[in-house]
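In the part that follows, the structures are each spelled out as structure tokens.
What follows is a pair of complexes built around subunit A, which joins subunit B in one and subunit C in the other.
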Partner chain A sequence: MSGSPFKDDNKNKAGPNIMKPLSRRSFMKGVFAASAASAVSLKAPFVHASDTLRIGFISPQTGPLAVFAEPDDFTMMQIFQKIKNGVEIDGRRHDVEVIYKDSQSNPSRAATVTAELILKDGVDLVVASSTPATCNPVADQCELYGVPCITNDAPWQPYFFGRNGDPKTGFDWTFHFFWGLEDVVGSFSNLWQQIPTSKAIGTLWPNDEDGNAWGNSDRGFPPVLKQKGFEVIDRGRFQTPINDFSSFISEFRRNDVDIVTGVIAPPDFANFWNQAGQMGFQPKVVTVAKATEFPQAVRAFGERAEGLTVELMWSPSHPFKSSLTGQTARELANDYMATTSRPWTMPLGLKHALFEVAIDVLQRAGSKDPEVIRDAIKATKLDTIVGPVDFQNGPVPSVGKTPLVSGQWQKRGKDLDLVIVENSQAPMIPVEAELLPIQYKS
Partner chain B sequence: MTVHTQHINMTRTPLPILPISLGVLFLGTAITMPFWGQAYWLHEFVNISCFFIFAMMWNLLAGYGGMVSVGQQAFFGLGGYFVLAMGNLAGVSPFIGIPLAAILTAIMALPLSKLAFRLNGGYFAIGTWVIAEVVRLTVANISIVGGGSGTSLTAFRGVDRVFRQHMTYWIALTCVVATVALILLFLRSKQGLALQAIRDSEVAASSQGVDVIRMKLAVYVVAALGCGLAGALYFASNLRISPDAAFSVNWTAFAIFIVMIGGVGRIEGPIIGTFVFWLINHYLSDYGTWYLIGLGGLAIVMSLYMKDGLAGFIHRKTGKDFLSIKRIYRSK
Partner chain C sequence: MLETIIQGILLGGLYCIFALGLSLMFGVMRLTNIALGDQIIISGFIAIGMATVLGFNVLWIGLLLLPIAYISGFCFQGWVLNRTLSKDPLPSLVVTFGLSIVIQNTLQMVFGANPRSLDVGSLSTAGVELSPSLTVGVLPLIIFVSAIVCTFGLQWLFAHTAIGRSFRAVSDDREVAELMGLSAKRVFATATGLAFCLIALAGWFQGMRTTVSPSDGPSLLLFAFEAVIIGGMGSFWGTFLGAMVLGVTQQVGFHYDPGWGIWFGHLVFIVVLFIKPNGLFPKTKG
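So, the complex of A and B:
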């Protein structure tokens, strides 16, 4: 499929049209309404049941991480189109079934539904996505029960070291593909060198999986930033959610901070950014991960969103193609926007890539034997919509790396678009614009 | 019967024969389940056992001791953290770690009770919640157990899968049976009577010679032991622990839900409640937000129209108490 059959009014834009009023309920919701939230079985008839390959899919459909699951319905629909007639393996058609479970954004629940998928539904492969809070408990259960598992959308260090992985041996059954801290440190620090600043960086690293990894004084940001001549103003790990950032802001002002970075959830960043506005704190660059990745969250800031920067793991401008539908990144994003009337969002590419790898693995394995499937995952060499996936050449066993760049919310016409402004860690992805310091009125 | 007990005008109801024999039948079936049941049912049983034990403990505290706590998750989480810490840091097998973690949790309850018992009624409820939050924040700052990120239990890596499943199941079964038996026997004892007297009026009970402080402390520590046991069991089977998940107030909310549905202040209450909760959870939890709205709605309906829960409803309809701890006044 190339291009969408729908009218595409975003053709000349690099990013989503975030100021446009959106209808929350697309027809997609209608199609899946009866079964969407429940275990959706994508089943094709006429195939012998024992040949059915089952994929269990865990995603945070409800709770604070629900924004990651927004493209799920669309991705499932695309996968359904692909597998409704089964998948051909060695000349034989196999029925493929996807069973979709909600983690409720809760690691305990994620572990429970994984065990259920393994023990009750007898899945042959488990896939999961969206933050260490989803990937880690799912992978732990799979490792314990000896079921092959593929995850993404969580930096590899919190995934690997957060599960007490041994860099020499890795894990037996669980695999992960995403970027790592070294990419985000490299990309951000390079980004911040593009414009003249005081070189003082204020940090917002909370006491959670991400914050502890990013702020780690050996493996995280601090050593690299110091080496590159930045001054780091780190008030230590703090508990989230947090309402009051005034002490952070005062200290940042006292230290002449021009750059703010961190990894916090959208509601926390909203507090910080509003209070910064009230207190007249005006940093030149604000690069806060997680909070400003999502168009829905950014839209809430209106004018104040312009100039915010964020890491970009997938965008319509990424020069990659889907191995499943043949769509380019741009075509996939347009298809999504036309079908759902929502702006594109980064998890769209990652969810799509997750199933690209899953289907590719099952096709190459051609068997329900867990060890055969596991070995097929190990041997993966696939060009996906988020870039090449390869578990052989990762930084540690069981991990494959995908490229990362940085983007900025810039004005295009009347709307804000997320455009690529830095690509030092992934030169194959072209830069679209120059980094601009945040402009303040008055 | 009264002929021989003329000087005693309170007699215990006889030990309930029918439910106990049903229980023994259940036990016989349950013990052998690993040999004929599916792995999924073993896992499901372990999971639901944790909720059950936790709810039993909440019922003991609130339904019999009159101490309405919304901070029992403190002990649930501590139990989980103890078993993980012992497993990962000291190499203690989780099978031994589970009972040890419960005991350590009970020891922790002693100093915490000093704080909680300075408060009464509604203040006690809020106070226990605050204590649980303090415990959560403290654990979130202990980096050796992963701090705010949490950690994974690695002690089971390399343990034979079937052996682990069967052992975990039998431990859970033992814990369930022990919990029911101990609570039943305790509440039928003299101390049980004293406890219920305290619930109805502390002043009156103490004027009758009941040592209120000691009695409350004993119940608080026993409840902590049980909650720690439930938490240890839960996280030994769940493998992944983090402060937000372990010390979530949801645990206590679920326990209150189970007890309310089943019937507060009745031993069979949590049994029925857990069963209903399991049914709802099993069949409806895939409905996301609607499932949670439904749980809340059901709790409201029950508290408005069926205050004594399903167990109370059955009692009113049939006139029977299945696991009675009552003493009946008989005139000479």
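So, the complex of A and C:
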């Protein structure tokens, strides 16, 4: 199988040289090129090419999800440094090639480029990251073609149940590591019990994958919150983006809401938060996922970002180390900030961890055989920069869980920093500060 | 209910600012500017860039933005859009559609994918208390007042000035207007320059009231488009009222169920198209 594509490749390379209209000189050149090419074609399958391990990497470089791909260039550079001289497996050097494709934030595009990676580039392993819109279509294609695949940065429920996974058997070829809804529900509800409030929670859950999952009355937030004695003011799902939140704010104010939560994009949150100020609505705790996850986005809120809380899947304070570079989380973040002069961002840790697992798997597999690679993924036990990755002890087969805590944007010196304030779901990550109610200037 | 209507009218003011540029370009050149949303976003980014680099007050940034917008609109029409104008509306649609993609990707290349906003300090959260249960934001009020001023200004410009007369002339009959010595291309370029000023204003406000990021544009176009269609093509008070209708209906929808807000807006849009295909207050035909 693996020999034939290379032969075809070389035929194509030699072809145009021979077909050129001939002068004496170009004829000589042509023959030379053809012979050179054929010489390579003899050697290639046995010495070089078959040893090259190819990793296909899909990420939303452009479109609305592009903010997740901000650290990609940096991560690719780090990986390139690591693999430019090949990877040693059982005493032999193997070349490793990473082929990077853009999903354009579009699920059907993600599926198309995955199929290209598999069929045209002949990749041995596919990795992808950033939201179910990227992970799910990529994993579906890999499952279809029987190519091993590792993904992260999407809660495991939409990944697993969104692809009709069977909790008994899991998937054959595709694996995922991240936290799940149970972590975010557990972490947030503990967080909100830390300070005295009216116990009334106003919610901003839009009509999309995340909003529907979080607001689900069986598996989402509402049952847990009711059990813990909170009152949930949920006005129902809504279409985003919306330009006006005044109807939400009046309702929240009428119900004496002290805690606001939700999962909405930065422009929607900026709207909500400005209008809340305009209308004199002053909740004590605001825990909105998505909008305040990215430091750059938080900068856009200026002073008004102080005190906001958010789920934290990776931060420079996480007590983990990279298995690839040996950097601690803090060192990785500092390296990123020094190299790119941008603030650190959570996907940085996840992208890094994705390649940690990929390289570790290829090293242990030591073969291009997809089944060997697949079994190597299954057997993964690796301490990555986002925590231990292990596909054996997950909530369902094919899924490994990484820890989740909650953080708050607090003033440290002149700048705002995201500090860990809650760790009930992941006690190995230490708490750095106490939760503070949001302060308002009168 | 009073609060809902007032908030709806304020929202309408925002939509009106978005829509006026579109209405102007359509009124004079019969040209639908698909890149409108992205042009609003790029104006926001330029304003933010200038604020970061020059460190000026937001007000000065706004004043600086207008001449830049006018010149770029004038050049864009003169060099690009004028070549696409013909009886066939397709070339200009395709060009502006392409421009929309180019703007999104250029912005992402230059600024990255992160959302940004114009820092206006306490203005972003300032409110006026109308009654103990009713407070409205100062910024939405400013936007609403600007919408009225712009609409009034445009209508006055069209009715009472020489430029306005030339706009109407080339819009009514380009060939005859040219026979009378008007350069239609120059008039078109002036109109687009003016439209870009309105777009820049919208971008400036958008950067102040929320965040802008490179892929936000297309969703802004939709509401602007609906406001223009509901109001009727080519009439500025029509656009203003169309925006009000859209804002208030959305707000009434939100009041009953947050899932209905945007949907109510679309419903009204379809109903208007069905009953009065030319819009509520049409000035131009076809």
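Brief remarks on what is shown
The rule we apply is simple: the second predicted complex is superposed on the first by the 395 of 442 C-alpha atoms of A that agree within 3 Å, B and C clash if a C-alpha of one lies under 4 Å from a C-alpha of the other, contacts with A are read in each partner's own complex, and residues count from 1 in each chain.
Operating definition for what follows: a residue touches a chain if its C-beta (ideal position, glycine included) is under 8 Å from a C-beta of that chain, and two chains touch if they have at least 3 such contacts.
Predicted model, so just to flag it, every value in this text is computed and none were measured.
Touch criterion met: A:N164 reaches subunit B, while subunit C stays clear of it. Look at A:Q141: by the touch rule set out above, it reaches subunit B but stays clear of subunit C. Of the two partner chains placed by the overlay, only subunit B lies in contact with A:T112; subunit C stays clear of it.
When the shared chain is aligned, subunit C comes close enough to touch A:S250, but subunit B does not. By the document's definition of touching, of the two partners only subunit C reaches A:N271; subunit B does not.
Contact with subunit B, but none with subunit C, is seen for A:G211 once the two complexes are overlaid on the shared chain.
Within the superposed three-chain model, A:Q439 lies out of touch with both subunit B and subunit C [touch as defined at top]. In the superposition on chain A, contact of A:R235 is made with subunit C only, not with subunit B. In the superposition on chain A, A:T62 makes contact with both subunit B and subunit C. Within subunit A, the residues touching subunit B in one complex and subunit C in the other are 62, 207, 237, 239. Those residues of subunit A that touch subunit C in the complex are listed here as 62-64, 66-67, 69-70, 105, 207, 235-239, 241-244, 246-248, 250, 266-268, 270-271, 274-280, 294, 296-297, 299-302, 304, 342. Within the complex, the subunit C residues that touch subunit A are 3-4, 7, 11, 14-15, 104-105, 108, 112-117, 119, 124-127, 129, 135-140, 209-216, 219, 223, 250-251, 254-255, 257-259, 261-263. Against subunit B, in their complex, subunit A makes its touches with residues 37-39, 61-62, 101-102, 104, 106-108, 110-112, 115-116, 119-120, 132-133, 136-137, 140-141, 143-146, 158, 162-164, 206-209, 211-213, 237, 239. Residues 38-40, 43, 47, 88, 137, 140-141, 146-154, 156-157, 161, 164, 234, 238-240, 242, 245, 248, 285-290, 292 of subunit B are the ones that touch subunit A when the two sit in their complex.
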